[in-house]
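Handing you a structure now.
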Amino acid sequence: MYAVETKDLTKHFRIGLKRKVIALDHLNLKINEGEVYGLLGPNGSGKSTTLKLILGLHQPTEGEATVFGRSSETVVSRLHVGLLPENPYFYRYLNGEETLRFYGKLCRVTGPALERKIDEILELVGLSQSRHRRLAGYSKGMLQRIGLGQAMIHDPKLLLLDEPTAGVDPEGSIDIRNLIIKLKKMGKTVILCSHLLSQVQDVCDRISILRYGKKVLEGNVKELLSKKDQFQFIASGLSEQDKRAVEELISRSGKLESTSHPTSTLEDLYMESVGGTKII
Amino acid sequence: MWSRCWWKVLLVVLIFSPVKVLWEGDIHKLARASGLFSAGFNMDMRGKITQDLAVAVLGGFRGIVTDFIWLAAHSNWEKREWFRMKPKLDTVVLLQPHFLDYWDIGAWHMAWNISYDASVNTAEPREAFRLKEQRYWIDEGEKFLREAIANNPDSWQLYFKLGWLLEEKKQDYKQAVEYFTKAAEFKEAPLYVRRQVPHALRKGRMNKEALAQWRKIWNGPRDGEYVHELWDVVEQEMRKLEVELKVPYSERAFPKNTYTNVLTSPVPEPAAKSKPKKTDKK
Amino acid sequence: MSLEAVQPMQEQDSLSFSPARVWVIATNTMTEVIRQKVLYVFILFGLALCGASSFFTQFSFNEELKSIIDTCLAAIKLLTALIAVVGTAMLLPSEIENRTIYTILTKPVYRIEFLLGKVAGMSLLLFFVTIVMSVLFGAVLLLDEKALVSHALQGTSLLQASDPVKQTINAIYAQTRNPNLIKAIFLLYAQAVLLVSMTMMVSTFATSSLFSIIIMLVIYMCAPLATIANEVWKSQPSILGRVGLMFISFCIPDLSSMTLVDDVVAGKHVLMSYVLSTTGYAALYTLVVFALGAFIFQEKEL
């Protein structure tokens, strides 16, 4: 059984009386349990529509989506699903703890079990310090984290994260990335919609790229990215003489494509100066 | 959205609409039976109030609209603007014809206050015209009360007030007696109402009938609510009339020089007056 | 601490309708509306009360009491109706704007539970508002009654009072201790709940809260014409005409039957059977309108 499966999933939107827009065109996905799956694509390519169809917020024009074998149009299919929506706001007048309690009660988690769960999740998303603060005073990153927290309150097997790092500082972004890796280790299935390709590259097992509602590419990230006929060395303390010798050696059976100094990514540099990650 | 649920919506509307209409009819029938909502909205009203006010009246704020028109009428009264006041009084009773004070106080304004003011109007030097004016306002007051009774045939107060007006302002004792009698026939009318009948008869020099009335009261029941009857007043009036009419001693209830012991008469109520007062008003 | 320590949710194949979930949403809705500072209506109500009790003191006791009752009942009617319409019209759009509706409806929650929670929360809040206003109203009435009675007695005791004075006092009591007032307020509440349900129905397909509010205002303004619509429907000879008028009639609830202010002030007795019948009507109407809202909301694409 797949965690999520879509069969010829198609969605048309009507604009005005006659015009219609094809948001999603016969999409077929098979997402395995325990997999971190990335949905990529430019704005308006159908990522959010796919998520909404999987969650039953929209009804498909054609085809169907199933979650753990249950049609996504049934409420039962949502028993094991958690969603972090894009730019979540939540109820400004509740504090972090109350927010989680509200969602917990909605999922019929009650009593001491709920309180335990709340403590645990606040710890996990790093909001234990701000549990009594109103959400009105939360930063963007904190909102994103409490959003992640509410998505996990009923311990779902599948998590759908829509742009989880949009508008979050690099530090928080890395926290969230690490959290996703942790979720994967716990055996959760995660579907991730994101523009931040480096992040997707880091955490996703498989990705698919959508364009104009159609799947244009799907596959294993490492396989898709690796250039099997090329090879990379990184060396340090190499003398100019030896370097020339190496170049000579390469040119014997191959072709030297380029030589350069490796650069650290801006993210690495930033994290180095800010001082590592806080959580996990 | 609609494509998937329009038939359900249509079905519910089709089933519920007739139920709604029939149920409303039933509610209106019940309302009529218990005398509710008899003050509807008619075109007559539309001519008297502005559109904004009409909307307010229709929206359930009739009471407040009436209160404020009444307030305006009152300020007209203070400024002696009689011909601005009258239409407002008419509007008020049109809007809330079942609030008796409007009829009562409105008629009292016309027949007492305005008519008196007209009779001493220094701007009008000709006495005949002043009297004509006075007469006009008394008649308006009477008309107002008659309309009040037509709208509220079940309230003794209005019959009593009309009788009072006829007695005091028109000296039409015959009619006054008629209305006092009607008022006294109501079970809930207080005792002074029935005493008003012989009082008016005497004023109209119908002494025989007056004595007959007093005798009826005297010989009537004295228990229950009648404990509160002013028996000494009844006795006084009877004595006076028996003397005036020269009733033979043998037929008098109170032969000469005999006095009923006040202590044995049911309940002495010394200080009270027999006539109702126009209290509450300045 | 790790997530593995927590028992995973039990496998379920079905999910039944849960009043507990409705309650969670209802209480949250109440908090939400209260945080919108809706309780400031009590200040407005207080001002109306002060105005009413001071404006007419120069008049007779009957007029004074009438103005207080008129104003209070009108204020209860207006304020509850406003909260019902405006408050309810804001609920769904704000949920959508804050995307909280996505987090709720992607949990194992039925859409009808969500909608019912919203309507119930709003109705509960209105119940609270109505009760508080009624208590204030009652307190002012009793204070005024005390003042008027002692004025009428002018220092004497009730036992020594003369006939006309007693009659005056009884007339005062008839106004201030009128049990029909409670019936009138109860029906005003029934009306407010009906308005909540209708507004919710409209806002399931309305594209903005302003649109819902305008539609509801039009309905509210047209409501006094329900009787006329009823008559016209009956006199319509053709079936087609009747069906057409039926839709118009359907949209216009007979709110005037639930507004007894005039009759209560005039001292009319309101039969219990009348109250029951009108309440039943309002309840059924509320239910039907809610059902329509639920049908539409079920299919709504968010």
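By letter and in written order, the chains are A, B and C; residue numbering begins at 1 in each of them.
Going forward, contacts are C-beta pairs under 8 Å (C-beta built on N, C-alpha and C of every residue); 3 or more make two chains touch, one makes a residue touch a chain.
These figures come from a predicted structure and were not determined experimentally.
Comparing mean CA positions across the assembly, the chain most remote from chain A is B. Across every pairing of chains, the maximum count of C-beta contacts belongs to B-C. If you average the CA atoms of chain A and of chain C, the two centres end up 46 Å from each other. For this pair, chain B with chain C, the centres built from the Cα atoms lie 36 Å apart. Note: centroid distance chain A to chain B, computed from Cα atoms, is 82 Å.
Annotation for chain C: residues touching 2 or more other chains are 299, 301. The multi-chain contact residues of chain A, meaning those touching 2 or more other chains, are 59. Among all residues of chain B, those that touch two or more other chains are 4. Remark: chain C residues 55-56, 58-63, 66-67, 69-71, 73-74, 77-78, 162-164, 167-168, 205, 220-221, 223-227, 230, 233-234, 246-247, 249-250, 254-257, 259-263, 265-271, 273-274, 277-278, 280-281, 284-285, 288, 291-292, 295-296, 298-301 touch chain B in the complex. On the side of chain B, the complex with chain C involves touching residues 1-2, 4-5, 8-9, 12-14, 16-21, 23-28, 30-31, 33-37, 39, 41, 55, 58-64, 66-67, 70-71, 74, 96, 98-101, 105, 190-192, 228, 269, 271-273, 276-277, 279-282. Residue ranges on chain C touching chain A, taken from their complex, read 1-9, 12-15, 18, 20-21, 24-25, 28, 31-32, 35, 97-100, 102-110, 299, 301-302.
Interface residues of chain A facing chain C in the complex, by the touch rule stated above, are 52, 55-59, 75-76, 78-83, 85-91, 93-94, 102-103, 105-108, 113, 116-117, 120, 123-124, 147, 150-152, 154-157, 160, 186.
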